[in-house]
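For reference, the structures are reproduced in the following blocks.
Two complexes, one shared chain (subunit A), two partners (subunit B, subunit C).
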Partner chain A sequence: MDIKRSLTVPGRFEYLATIADFIAVAGRDAGFDQDMIFHVQMAVDEACSNVIEHAYQGQDKGDITLSCHCDGKDWVIAIFDTGRPFDPASIPAPNLEPCLEDIKTGGLGLYFMHQLMDEVEFSFDEETGNKLRMVKRGV
Partner chain B sequence: MDQGSALEGLRCFAPQGRLDALTVPRFEEGLRDYLEQGRAQLVIDFGDVTYISSSGLRALLTARRLAKSKGGDLKLCRLSPRVYEIFEMVGFTQVFGIYDSVEDAQTAFTSMVTPADEEAD
Partner chain C sequence: MEVGTTSHKRCSVVTVSGRVDSNTAPTFEETLKSVIEGGQRNVVLELDGVEFMSSAGLRAMVSSLKACKSGGGKLVVAAPSNRVAEVMQLAGLTSLFSVYDDVTAAVGSF
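Coming up: the complex of A and B.
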């Protein structure tokens, strides 16, 4: 089943639950299992939280648009914002050594996105802003 | 969000629903307020938590450090399989003492030995 849909919400944390619901409905309609839906929901939640926190540097600074394309096997999510350009290389990888008291959790959201999705690609365009493209491959 | 009920002298926090960037600040504030009052032993009941984001994990880690600095600890219980999976992805199942029930978590404080403590030593 080929499904395309999109959602635009204000860049506010209270819309994270709305975004999660949007992903859940799209995933169910496309026939993906609950594990896959949960993983994509989490990756998208972390991505949209980063947009508000880092790209917009606060709430109510702009919209977040999600586009979702399921072709029956793979699930492609694109997230657009018009905030500051996001450079993933500027985010340090988290140190998750379990026995250390000084575990570093900076970059944890980005870490989850890479763990949960098969492709994570950031790009920036002067006119259209940031675009994050993530792909989850179906089993 | 239920910020806690006294159970045999130990505070038990029971957050509900999603712990995400919207709800974590209030959760974190509740943990900090409690721990800064000098009460360093705290059980967090995750039975009604459906999701925890990286901001929630960071809040737990910060609260754990504060509790440890006061000679106490956090103990977590009743994690759903989804929430447990998130903890596993970042190795937090080895950092926090995680128990099946509130009672088990409370009992663990009487011995003050957790799986993480044993491994760290």
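Coming up: the complex of A and C.
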């Protein structure tokens, strides 16, 4: 089943649950299993949190638009914002050492996105802003 | 998200349910902070009812673990939901936390 949906919400953390529901409904309608839906929900939640924190540098600074395309096999998510250009290379990788004193959990969201999705691609356009494209391939 | 606290003789149990994300993680962290700064350095974090936990929630757990340890106590996890266990493993945090199957076992560890 081919599913194409989009959603625009204000850039506020309270809308993360709305975004999660949007992903869940799209995934169920496309016939994806619960594990796949959860992984995409996690990656999208981290991405949208990063948009608010880093691209907009706070809540109520702009909207977040998500587009979702499921072709029955692969799931393509695109997230758009009009915040500051986002450079993923500027985010340090988390230091996930077993020693509690040395652990650094900054960058964990971006790390999750790469672990949970098969493709993660950032781009910026002067007119349209940031675009994050993520793909989760079905089995 | 709902969060509640129960005091026991040797520890406090903080029970969390629902979503722990960037919207709710501050409340989650504040609750843990108030328990720890209130003098209880031994904490059981019951996570059976948590359906979703993002990196924001994990950061709150790590900072609370550090706070307990610096006060001479310990924070342990009881009955993590499957999804919480999955994200803890993904983040490489399972070796940092003692995890118990249920609250009784976790409370009994103190």
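One rule holds in what follows: the second predicted complex is superposed on the first by the 138 of 139 C-alpha atoms of A that agree within 3 Å, B and C clash if a C-alpha of one lies under 4 Å from a C-alpha of the other, contacts with A are read in each partner's own complex, and residues count from 1 in each chain.
Everything that follows uses one rule, which is that a residue touches a chain if its C-beta (ideal position, glycine included) is under 8 Å from a C-beta of that chain, and two chains touch if they have at least 3 such contacts.
This one's a predicted model, so the numbers in the text were calculated from it and none came from an experiment.
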item: Overlay on subunit A: subunit C relative to subunit B, clash or fit; value: clash
item: Contacts of A:Phe124 with subunit B and subunit C, given as first, second, both or neither; value: neither
item: First (subunit B), second (subunit C), both or neither touched by A:Glu14; value: both
item: Set intersection of subunit A contacts, subunit C complex versus subunit B complex; value: 13-14, 16-17, 20, 38, 41-42, 45-46, 49, 52-53, 94, 96, 98, 101, 103, 105, 108-109, 111-112, 115
item: Residues of subunit A touching subunit B in the complex; value: 13-14, 16-17, 20, 38, 41-42, 45-46, 49, 52-53, 94, 96-99, 101, 103, 105, 108-109, 111-112, 115
item: Subunit C contact footprint on subunit A (complex, rising order); value: 13-14, 16-17, 20, 38, 41-42, 45-46, 49, 52-53, 94, 96, 98, 100-101, 103, 105, 108-109, 111-112, 115-116
item: Touching residues (chain side subunit B, partner subunit A) in the complex; value: 18, 20-22, 51, 53-55, 57-58, 61, 65, 68, 82, 86, 89-92, 94-95, 116, 119-120
item: Contact set on subunit C toward subunit A in their complex; value: 19, 21-23, 52, 54-56, 58-59, 62, 65-66, 69, 83, 86-87, 90-93, 95-96
